[in-house]
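Each of the two complexes below includes chain A, the first together with chain B, the second together with chain C.
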Partner chain A sequence: MDLTPYAINLPPGIVFIAGGLLIPMFSGRLKSIWMLLLPIIGFITLNTTPAGNHWAYQFLDYDLILGRVDRLSKVFGYIFCIISFISTIFALKVNDNVQYVAGFVYAGGALGVTLAGDLVSLYLFWEVMAIASTFLILARRTKASQAAAFRYVLVHIFGGLCLLAGIVLTISQTGSTAFEHMTLGSTASWLMFIGIAVNAAIPPLHPWLSDAYPEATVTGAVFLSAFTTKSAVYVMARGFAGTELLIYLGAIMTSIPIFYAVLENDIRRVLAYSLINQVGFMMCGVGIGTALAINGTVSHAFCHILYKALLFMSAGAVLYRTGKIRCTDLGGLYKTMPLTCLFCIIGAASISAFPLFSGFVSKSMIISAAGHGKMTVVWLLLQFASAGVFHHAGIKVPFFMFFGHDSGIRTKEPPLNMLIAMGLAAFLCVFIGVYPQPLYEILPYPVDYVPYTGAHVVGQLQLLMFGALAFCLLILSGYYPAEMRAINLDTDWFYRKGGRGLYRLVDTVFNNLNRACDRMLAQGLTGAVNRFAANAPARASRWLLTPIHRLKGRDGEAVDNFRRGIQYAFDAGVVPIGISAAVSGLFVVLLFLLR
Partner chain B sequence: MEDTVSEHKDEIMVLSHEPVPGYRGAFYIVLAVATAYLLAVFFL
Partner chain C sequence: MRELKLFDDPKNVKRLLVIFFASLLVLLIVDFFIHKHADFPWEEAPNFFAAYGFVSCVFLIFIARILRPMIMRDEDYFESPADDRK
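Let's look at the complex of A and B:
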């Protein structure tokens, strides 16, 4: 069925942003319908738009292209619309306009970035995303969320400025605003790479993610998990595919968060670390840059958005019902939240790449691409990371929330809208895992990949079963690290602790310097000049007239009386004309001598 | 949260995992076998 006549002729990103800003004008059921319509309109618009450049506008001296539609941008656009729809269903009972508006403007920014055909509109939508997403953290309205939002926006301002500097340099050097493939080498490309790397949470620029996402609202975290990092993956795939550095950064990115996730007590922080780990796989795929690797990256981004949102929704549902999210506070919830538990397990199985779940059909493409490229060390790191993510996101998250020790909390399932949203995401995770063909058909390159081979299934099951065995043995032998109420600092130490230390150091140095300058100049030299200047005429008069007075043969008490008289005359402002004339005359002589 | 009841009032500061008798030995045996297996895979 041709839906073109029904599609609104506006870029999907603008539909989201403009429609999102109008949300406060609606109420009740109409508001829900309006919010659910926006992703549907966006999806239909994207689906009915043929490949090519659309929505081109003139802005200042630049040609803005708000709709570069091709196979790469379409996949990301589709999944951004789908997850916006699911997240909106999840958020229907929130009743907070700040979150609704921020969520849609944020999603619109991500869609704008995805469809941007030039660097200027890319940057504009990039910053829209940064600002809107900050409100999803602030909207929790706690002291911790405000502090996290402040750190979040500072990091993203830094990233945005790097991107802007790179864009300005590129435009000034080439005269073109076209957003095309780049190679690392020039200052401009490096600056843009760093700016994008901040949003992609590439180490060591990653700790903003595990710092901010767990402090967001229940629904805010679901939105956040989908857009910032994945739009950065898209921009990397568009601009820096085949960059070798990304292979190594990606491989490191998959491995480092595992250790932090195992130590972490906050469930949503564990999920944030696993998000970094999964984006690492995508970065690795972008770095490898072959058709198989790019297909793997795009399909993994697609699947990851679904199962990560599902995991954040299940953790959010638990937080919504119990008000708690730490491993130390939770446990045994499967009895009272069985459906949430089931959805969480489906998300966990998907992220762990169990056969018949979505992660299996996407992640394996990236690992196979590393294998085909004879990258043994990278391949081993990716396998290690696969076992690691099963360990913390696959087992730890459901185990400590729904099983483990009985926390004594007795609650009930979240509202129906939340269950429907989780059910939809869970269905898609299983559907893609069982029948990946529809996903494979929309990937950027033709897919010649069969995930369900005997060797692949057995190999993956071996990895997962040994991971499960390791978890069981570590728990039962008492070697598993204890969950503690603590904040584990990552490289954010540099701005959370180190920054505070630097502030103290600078404060001490500059304040002491200020005090020394105050003593020497303000109180010392200036004070002396001031004191001298305050009594200068009387002093100068005494100094000049006393010898003249002595010439008259006067001495002793008479001279003292004369000097006191001068001082008194100046203090009272009644200087005799003779003295004034004498001083003036002597002053003129002095000037003449010094001439 | 109004539908949530907590039977335990005290907040747990540290959730440690006490060893179950016999499993430390099992852990070391599995670790040794796994290490030997990996060494065999990589070097033989």
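Let's look at the complex of A and C:
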């Protein structure tokens, strides 16, 4: 069906941003329809736009290309539209325009980044994303969320500035604003790499994610889980595919967060750590850079957005109904929220890459790519992380929320719109897992990969099921670390405590400097000038009149008495007119001589 | 509100565990009958993935337990005394 004549000829990112800003104009059912229409328009526009550069504009001296459409950008564009649609359904009952506008502008920024064909528009949309997403955290309107949002935006301003500096250097060196593949080496490329790495949450630049996402609103976290990191994955895949460093960073990134996820008490923070772990797989794939690895990365990003949103939705539904999100407060919710529980388990099975669920058909490509490349340590780390994911995201999240010890909480399923959104995401997770062909067909490179081989299915099932066995045995033996109301230090310690340390340092240095200046200048010098000025007439009179007195042949005690007399006369304000006249006269003479 | 009480009955928990252990056993046996196309020699070792999955998870918990005393802090660790005054 050719929809071109009906499609609105605007870049999808602009459709989202402009359409999002208009949301407050609508109310009631019309608002819902408007919001659901935007992702559909975006999707159709993207689908009907042929490969190539579109929507080129002139801005200052730069050519902005808002629509570089090719196989790589299209996949990301599609999934961003799909997840916006699902997240909007999930959020329909939220009565807060700030979140709607922020959500759509944020998604529009991500679409803009994905379709940007030049560095200038890439940067502009990058910053739109950073600012809009901050409001999804602020909108929770708690003290913790305000503080987290403040840290979040500071980190992203830092990342954005690194990116900007890299872009400015690139443009000044090459004279071109084109956004093409780069090799890591020059200062400019490093700065851009660091800027992107901040958004991709590559350790040690990751803690903004696990800090801020769990503080976002119920629906905001669903939006957040989709866009920032995955648009960074896209930009890495576009700009730095095949960068060897990314293989190792990615492998580390898959492994370290799972230790934190095991210890973490806040369910949404567990999900945030597992998000970092999953993006680690993608970074690894980008680093390997072969056709199989890039296909794996892109398809994993696609699947990940769906199941991670599904997990954040189910955790959000629990938070929405119970007001609680800590493992220590929850448990036994399957009794009253069976559907949410089922959707959560589907998300958990997908993230764990169980056969027949979406993670299986995508993650395996990345691990196979590492295997084909004979990267022994990386392969072992990725397999370790796969088992670890199942441990914390696959078992821990559903187990402590819906099973485990009965918290005694009796509630009900979330509103219908939330169930529909979760159902849609869950359906897609299973659909892709069972029938990956449609996804494989839109990947950047032709797919020659068969996920369902006997060895692969059995190997993966063994890895997961024996991981589960370990979980059972460790829980039963009491060796599994108990859930505790506590937080775990991460690298954000450096700027949270370090920031406070810097504050104290600056406080001490500058306030002491201030006090010293106050003593020296305000009190010391001014006082001295004041005293000097107050005594000046008496002193000037003494200096001028004493020599004259001496000329009269007087000396010794008589001169001293005369000088005391002058001082006394000035202190008491009873200066004889003769002296004043004499001093004035002498002053005039002095001026005349010095002229 | 209707409540599900599926796992309140120990019989059901037991059933679940039986299914779980049976599936583990099946996986161990099936492994001997499938054709393997491995990138690394150890992938072809019988039941390599079962061992690796189990060891990985035990290792994960072992390290996490060591890590916990080092990184765990009170929930209000980052709150400054100045915040309390407000």
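Quick note on the criterion: the second predicted complex is superposed on the first by the 532 of 595 C-alpha atoms of A that agree within 3 Å, B and C clash if a C-alpha of one lies under 4 Å from a C-alpha of the other, contacts with A are read in each partner's own complex, and residues count from 1 in each chain.
As a convention for this text, contacts are C-beta pairs under 8 Å (C-beta built on N, C-alpha and C of every residue); 3 or more make two chains touch, one makes a residue touch a chain.
The structure presented is a predicted model; accordingly, all values stated were derived computationally and were not measured.
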Touching partner for A:485 - first (chain B), second (chain C), both, neither: both
Touched partner set for A:477, first chain B, second chain C, both or neither: first
First (chain B), second (chain C), both or neither touched by A:322: first
Chain B versus chain C as contact partner of A:263, first or second or both or neither: second
Superposition-derived comparison: chain B or chain C, residues of chain A touched: C
First (chain B), second (chain C), both or neither touched by A:469: both
Which superposed partner A:410 touches (first chain B, second chain C, both, neither): both
Contact residues of chain A, present in both the chain B and the chain C interface: 410, 412, 466, 469, 474, 479-480, 484-485
Complex contact set, residues of chain A against chain B: 265, 320-323, 327-329, 405, 407-412, 466, 469, 473-480, 482-485
Contact set on chain C toward chain A in their complex: 1, 3-7, 20, 23-24, 27-28, 30-31, 34-40, 43, 47-54, 56-61, 63-65, 67-68, 70-75, 77-78, 80, 83
Residue ranges of chain A touching chain C (in the complex, touch as defined): 143, 258-260, 262-263, 334-336, 338, 368, 371-372, 374, 376, 379, 383-384, 387-388, 391, 403, 410, 412, 453-455, 458-472, 474, 479-481, 484-490, 496-497, 500
Complex contact set, residues of chain B against chain A: 1, 3-8, 11-20, 23-24, 26-27, 30, 34
